[in-house]
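The block underneath contains the structure these notes are about, expressed in structure tokens.
Order as written gives the chain letters A, B, C, D and E; numbering starts at 1 within each chain.
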């Protein structure tokens, strides 16, 4: 599904958080959003997902989502957002219960998505008994279950340790190569951005404005750690952002 | 100050957490400890700092710390551990108040360390008004104030975003080059480990055992992102750990 | 002087002490009296036992007997009495019960009767009435006089007995009906007694005698002015004014006067004690299992101070 | 020169040591027994614990204990159920709706400090002198603390879980049932600890109104007769009731809140 | 075909709307006034609000209000101070020491459900009939809830801050003063909300013992005469006292806990 962010500006009370954001999100592509802490990345994502309303401007969907999709705009959160009192399977079941599906069908979807995220053996485990990586895999399974048209991912890997992060990134790339999906992927990790993004949007410090949009031509499945082109883009991003971070800290003084 | 970890084993109730750890920590060097989540890295650090007692084995100090040091073993924590009701300066003051120093001397130390961590302007700010990176800089200022003989750092950067992490890593390298200190640095970020460590200790999954110790000869101040030798070591570490991470997840099933 | 603390409730029935104080009878006998006011009788009895007050007037209750049994309190004289010739406590029926035929105590069988607590004077009066009438009464413990009034007004209990001014106020407002006099059922009922700590009774003879003497003088004044009405209208007005300082003090005198006059009951001359009535009450408490069997008249009463009526 | 690093940690993690609690009770009771026997605790101040125990035993033997206890438990059960139930519902409403919150919080704050015993005469008129007024008094007393703890618990439900549910298009009804209620459960249960203790306290006040039997009525009668043995026997029953209720709640918590870390 | 994405968020963040609370009170009062005037609320059930207001006004005009109020406030202040103070100290001890925790928690659990009114006769013996017994009763009543909330608050103090302090070799005394106490402050203050409401409730019970003046004594007297206007006037005073105390606590919280996020 193609999306367009149109002249979006937002303020919380006095503070302007986002300023005149215009962006096209093409179908089947992963758009990464990077920017210093507090620049409004999460806020922007909430507008795209319809969880909040911007002060002005709008987010438009340019085509209808696949009618097959139970929940066209589906989030994957940094903190997993699993219900601690439900098992892995029941956490997935939660998002299917309100759609009037038959019990049998629900069970089929649940066991299918748990299998795809290699969690079949953990179906009955409570979140407290799962490792961080497994929790995020449950969250991904839950998202898969509703067949999203657009994935909205808010730093989905940054609560995980480095090894688990790498493993899950491979999983995500695997999912996308098998069946490309549209995604907006917020991160502050530049190497994640250059590994996953077709397009990288760099936001300035608050109020967030689009500072640069970088397109990466290399197909995702062919990207390798240490690829000189990717290293070059990462360095470029790093320089764009370093000064923003220092300046943002200084602004706290005011 | 030279330290020796001698045949250290620890169990919490039934679960063995660390198994027969033997390690020398030479004066003036940074020893990085990496290992899968839950393998006992933090626990090991608490033993070195005297915050907990191992089931068997011991941590020995082979020389006396500089008598100048107010608190020979000083921690820097991942979650900063600042008192939210005290300003930055007062958080530093806290650790000086119990040493019978004169008020004037305390004030001198506080303003000195805040200046060294570029926080002079934020002396009176409460933690809630500081960014993550600044909070960790307050924690580092607090550690500097007691002139540690050994720095014990438990994932000091992993609560920060990537840019801030880079900036603080530069700060740490600067501090070390100006005046080398002894440090045990726990991290799960392999690129941090190869940037900072003279020695990298790889622990196995729980019960933590020393799986490999890698020495890096390149002087810390000369290390560059993209250095082929460092990349090689990082890859090597990555392979050592990937299988541990997968195996550790599988063990949750039991 | 001799400092003593006297416990009191803000009731007309406690007037003898107020009169003795206001007219200087206590002072004349060298007693420096300080009043301590209470909201309920039980804590006042306990306060005698704890030594917080020296003398008080209250109904003979299970609590008082228990304290006497523990060697803490002693009855030393009589105060309020039922007397066939004078105003006394009334038996009330709720409007609903009255309408349904409870027009005299003879119809009490099977009815409910309000009381504060088992072992209270209400309980005693109710059982004596029931005994005389051969009626079977259901007693409802409601703990607080206010709660009993509420229950009577709304017809949730059928009958109650209470001091005359509350009875006539309820009757006058049409919220209840007076259907009899307690005096007809318990002749010479010793309603309240003067009591003190066992220590005072045994070891402070002079002080105790002086207290009783002044108290009796106050009682005589009160009886003459408001009960026997022998002292004339002006004396009655003066007495009402005096009592108003202590009772219904926050109500205007016009309103208070009616209640004070209506509430005036005979206080025994010379604080004489009706021993027969006290013994009757004591045996009733025992028969109801409210106090221990071993309690004797002598444990409760020290009748060496006043004349006893048989 | 070579020595182990000094130990500086530990402490600040008090653990319950089994048996100490019982020991404290035993010591207090023995102390009181000794004092009352030796005479330096007067029989006006405290009854002999052994006499209290005998009174309790006699009460149990006579069968009256069960009459008192069953009546009181019924009052407690129904009253607390009504009060806590209404309290949870109102607390949820306050926790979920701005209008309710604005209208009801001041009302609850004004109702909380009203002493129930002061209203006894009114309860007689409003609810009669039968069981209804006892239920009502206990219910009224448990209502306000339950409301306060419930809306506190709802306020503490992790809002990110609710946003997650909204982002999956889950209906408001389902969100309340599947996320708000279970998420507020720990706070509600710990609030019930206080509410139920208050319910036990109010039992005595409730049984001031026309109760012949019941632990509260038994205590009141003992108090007015200054019969300390029976007074303490009754108080002991209430204490044990409180401890038993608290143990029950712990069991429920262990069962219902097993998901907590 | 082109349309904005559907909005699904919002809600579940109730805010207080100014004025609604006052409106609820005004409506309730007008309703009662109407009912009592029209006669479909009997004068046995509820007094006329205007009569209650007049009673209050008369009471203030006669100057008696200040006598009642000042005495009650003194009792409340001293009693609650003693009870809450001791409660905080004991709560801290329970929160910090295993022995205290094991010995005192069961004791507190057993004391909590004891109805204070049942012990009135004993309070007279133990503490006399003067102000001491009133202080003691209020103190006893505020003590147990304060203990419970204080040790809960201490248990919730972030242990990582304590480990940090230990790792800097800070003395136990300093840790308690500089970390445990300020860290437990939010919990202690919110516990005081409940404890102080309970103290107000107990004022009436306390003034059953030998009190001539005081809001509780005023209410009791009105109750025993079934004088509804005065009863409600007294209850109104207590309610307002409760609301005022709660506002005070909010101000203190805003001042002391400004560091909270």
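The rule we apply is simple: contacts are C-beta pairs under 8 Å (C-beta built on N, C-alpha and C of every residue); 3 or more make two chains touch, one makes a residue touch a chain.
Note that the structure is a prediction, hence the values are computed from the model and not measured.
In summary, the chains found to touch both chain A and chain E are B, D. Highest C-beta contact pair count among chain pairs: D-E. At the interface between chain A and chain B, two copies of one sequence, more than half of the residue numbers in use appear on both sides, so the contact is built from largely the same positions. For this pair, chain D with chain E, the centres built from the Cα atoms lie 17 Å apart.
Here the spacing of chain A and chain C, counted between their Cα centres, is 84 Å.
Averaged C-alpha coordinates put the centre of chain C at 38 Å from the centre of chain E.
Chain geometry summary: the mean Cα position of chain A and that of chain B are 31 Å apart.
Along chain E, residues 8-9, 44, 120-121, 125, 163, 166-167, 169, 220, 223, 226 each make contact with two or more other chains. Each of the following residues of chain B touches two or more other chains: 49, 51, 73. The set of chain C residues that touch two or more partner chains comprises 42, 46, 49-50, 63, 144, 146-147, 149-150, 153-154. Contact annotation for chain pairs lists A-B, A-D, A-E, B-D, B-E, C-D, C-E, D-E, with touch applied as defined. By the touch criterion given at the top, residues 3, 46, 48-53, 58-64, 73 of chain A touch chain E in their complex.
Across the interface of their complex, chain E is touched by residues 49, 51, 70-71, 73-75, 77, 79, 81, 83-86, 94-95, 97-98, 126-128, 142, 146, 152 of chain B. Residues 1-10 of chain E are the ones that touch chain A when the two sit in their complex.
Considering their complex, residues 8-9, 11-25, 44-45, 94-107, 109-122, 125-126, 145, 148, 159, 162-163, 166-167, 169, 172, 175, 180, 193-194, 197, 200-205, 216, 219-220, 223, 226, 228, 231, 234-235, 238-243, 245-246 of chain D touch chain E. For chain D in complex with chain C, the touching residues are 43-44, 120-125, 128-129, 208-212, 217, 220-221, 223-227.
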